[in-house]
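One structure follows; several queries about it will come next.
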Amino acid sequence: MIHVENLTYTYPTGSGGPALRNISFDVPEGQFVALVGPNGAGKSTLCYALSGFVPHFYNGDISGSVMVAGHDIVKTELGDLAGEIGLIFSNPFNQITGACYTVRDEVAFGLENLGVPRAEMIPRVEEAIDLAGLDGMEDRSPYALSGGQQQRLAIASVIVMRPRVLVVDEPTSQLDPVGSREVFELLDSLSRSGGTTVVLVEQKLEWVAVHADRVIAMHEGQIIADGEPRAVLASAEVERLGVGSTRYTQAARLARRRGLVTGDGVLPVTLDQAVEYFES
Amino acid sequence: MTTSLSLYAPRDSGLDRLHPLTKLVFAVFGVVVGVTLPGVWPNYLFFLLVLLPLAAWGRIVPEFLRAVFKIALPFAISLFVIQGLFWTNGTPIFQLGSLSLKAEGLAFAAKTTGRILVVMGSITLFVLSTRPDHLMVALTQRGIPKTLTYVLVSAIQLVPRFQSKAASILDAQRARGLETEGGFFQRVRALLPVSIPLVLGSIVDVEERTIALEARGFSRDGPKTSYRVLIDTPAQRIVRALMLLASVALIVFTVVRWWAV
Amino acid sequence: MDRIRKDFTTITWVMIPVAIAINMALGFIVFSLKIPFLYLDSIGTILVGLLCGPIAGLLTGALSNFAWGLLGNPGYVPYFPVGALIGLLAGLFGQWGWYKQWWLWIFGGGLITALAGAVLSAPINAYLQGGVTGSGTDVLVAAFRAGGASILQASFFQGLITESVDKVVNYAVVWAIVKALPVRFLARFPRYINVRPE
């Protein structure tokens, strides 16, 4: 579904060298991939490269190849990528089009642009509103919703277009705890329903460890680790480069250093693994 | 928040349910009537016998009168005072010390006030009874590019947010000791620290908002469809055609009259 | 024709409503500060002209007056040609490289816009509103009328005086705003070349 090979990219005003260096990876259909790494590692730039905004919106120098859902990103116009690749980012307010007076119209906006017939639009809009838990708010102004509701509206407005790949860049970093939980629950149900390939940038590693199929860690524009969540997130090398680690890994590492636990098995990254780790 | 988006006053009324284009064509017709009707009184009659009953049908009489008078009253006062007192070579009818009210000036003021009432009244009636997004749907369905209608709806929704942002920046700068009173230059100097943060913040948001729109297929070529359907009737189509014909006739009539003079 | 199409990128379409909202928000600030002879309601229009080209500026100016009408001040609607002219001129001055000389931009741009605006708005004002503005500047109209000027002349001279102050300040504020914007953002706009630092 995603095939990236030797991708190197530099912003036009980039003085600090390439934002992405020699990135290669493949994602099969339906996989839920989490991108982790410190600020400035190139996660957001990679999201833009997967959705076409790099290079079509930001310009700059690009080399290598990016294939997503059968489209050669570098050669395809942004308008033709819409609907095929969904993009969601942090700021809920900036994702509201401003063109619509009600939640219902906002969700339908993308379908109108794709030229979907009205008879098909109606059930799809209802379904997306339902899935995002926005029922009862259909006729409210998008601007009258809370941050968490706005973010779920943004997600509904994208999934209604039935994208084959969903790129989600730190969807909860500007939300309060309640809003974050609602958005996480929605993302979880989306990934479990299968079919959609998801690439998620997320700092909340405890959540990533439980829900992602795979974790890719980035540092200074490069991929430094790629594999099962436990293999990547428990790695000392990955933590050293500023990616961080879950509190279960931290507890286990501390316990090992103090000699409370013996052996050198792989450290836990989830609560279940931690329970198992400390019991054995 | 949702109520301050525009002047639109939602009502369960026949006027409210009319197709937006019918109301738009009526507004154009009203403006044409206002600027072409000759003499002093016809405009007042049109206001009383057409605009006011329509406002009553739409159940918006108080809002309508408040909005129209808010605009028309300052003009009327200026007109009667300035053109009444300073009409060149007019016939004095009332002496006020060294000044005098001139008959021609007062007639001109009365005529112009009637014109303002009808022009502003027609536009106000349209604005009060038409939901902006419905208007945009109607225009899009008539072939106006969606990008153009996006601009108006989006602007209308941004304005109240920007105004509250402006007010809070103004308060914050005052709290930091910015001098917003005093002479002309002092106040002009106070403008920059207030306006620059507002404009910079909003322009920085433009980038993300553009990306969000693109991701929803905004710049996609090819036919677009519409989620909303608007009710139009043959009767309304006929009325619209008649109003357009009448507008053209009034303009031709006025131009011919000018020609003759 | 092709150049105009290139001006209307999605970022231009997103910028236009933001510019309209800027026009109104700054108009609101000036109103709150109670500054005489100043409206400052064209900042967004001039910005779009400079950064996105003359036709985008023209559209912003015209639509700004309609948006004002929808938002509660129908008095602005008949003056939409004036708004359009302001945006068009700002675009042309930008294209001619005036922004790069601050004095040419602020005084050349501001004063020519004021003159053109006064010429265009006087007949609208005289015919539609009898030459008065319904505001404090009517003191000027009264003075010109008392001095024997016709309605059209009084309206024009009133417009020229208030517009000159207002448009010079408008152009100065736009100059300061663009100077304060990071190059990273300016570079996204179609007419970045107008403001690119040497």
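The chains carry the letters A, B and C, assigned in the order they are written, with residues numbered from 1 in each.
The rule is short, and it goes like this: a contact is a pair of C-beta atoms (placed from the backbone, for glycine too) under 8 Å apart; a residue touches a chain by one contact, two chains touch by 3 or more.
Fair warning: this is a prediction, and the values are worked out from it, not measured in the lab.
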Category of the chain touch graph - line, ring, star, complete, other: complete
Comparison of B-C and A-B (more C-beta pairs in contact): B-C
Chain centre separation (chain A, chain B; CA means) in Å: 45
Centre-to-centre distance between chain C and chain B (centres being mean Cα positions), rounded to whole Å: 18
Two or more partner chains touched - positions in chain A: 98
Where chain B touches two or more other chains at once, by residue number: 132, 150, 154, 158, 161, 205, 209-210, 213-214, 218-219
Residue list for chain C, restricted to those that touch at least two other chains: 17
Complex contact set, residues of chain A against chain C: 12-13, 98
Interfacial residue positions of chain A with respect to chain B in the complex: 48, 51, 53, 57, 78-80, 82-83, 85-87, 89, 91, 94-102, 104-105, 108-118, 121-122, 125, 140-141, 143-144, 154, 157-158, 161
Chain B partner contacts - residues on chain C that touch it in the complex: 8, 10-11, 13-18, 20-22, 24-26, 28-30, 32-36, 38, 40, 43, 47, 59, 63-64, 66-67, 69-75, 77-78, 127-135, 138, 141-142, 145-146, 148, 150-151, 169, 173, 176-177, 180-181, 185, 188
Chain B residues touching chain A - in the complex, by the definition given at the top: 1-2, 5, 131-133, 136, 146, 149-150, 153-154, 157-158, 161, 205, 208-229
In the complex with chain A, residue positions of chain C that touch it: 17, 183-184, 187
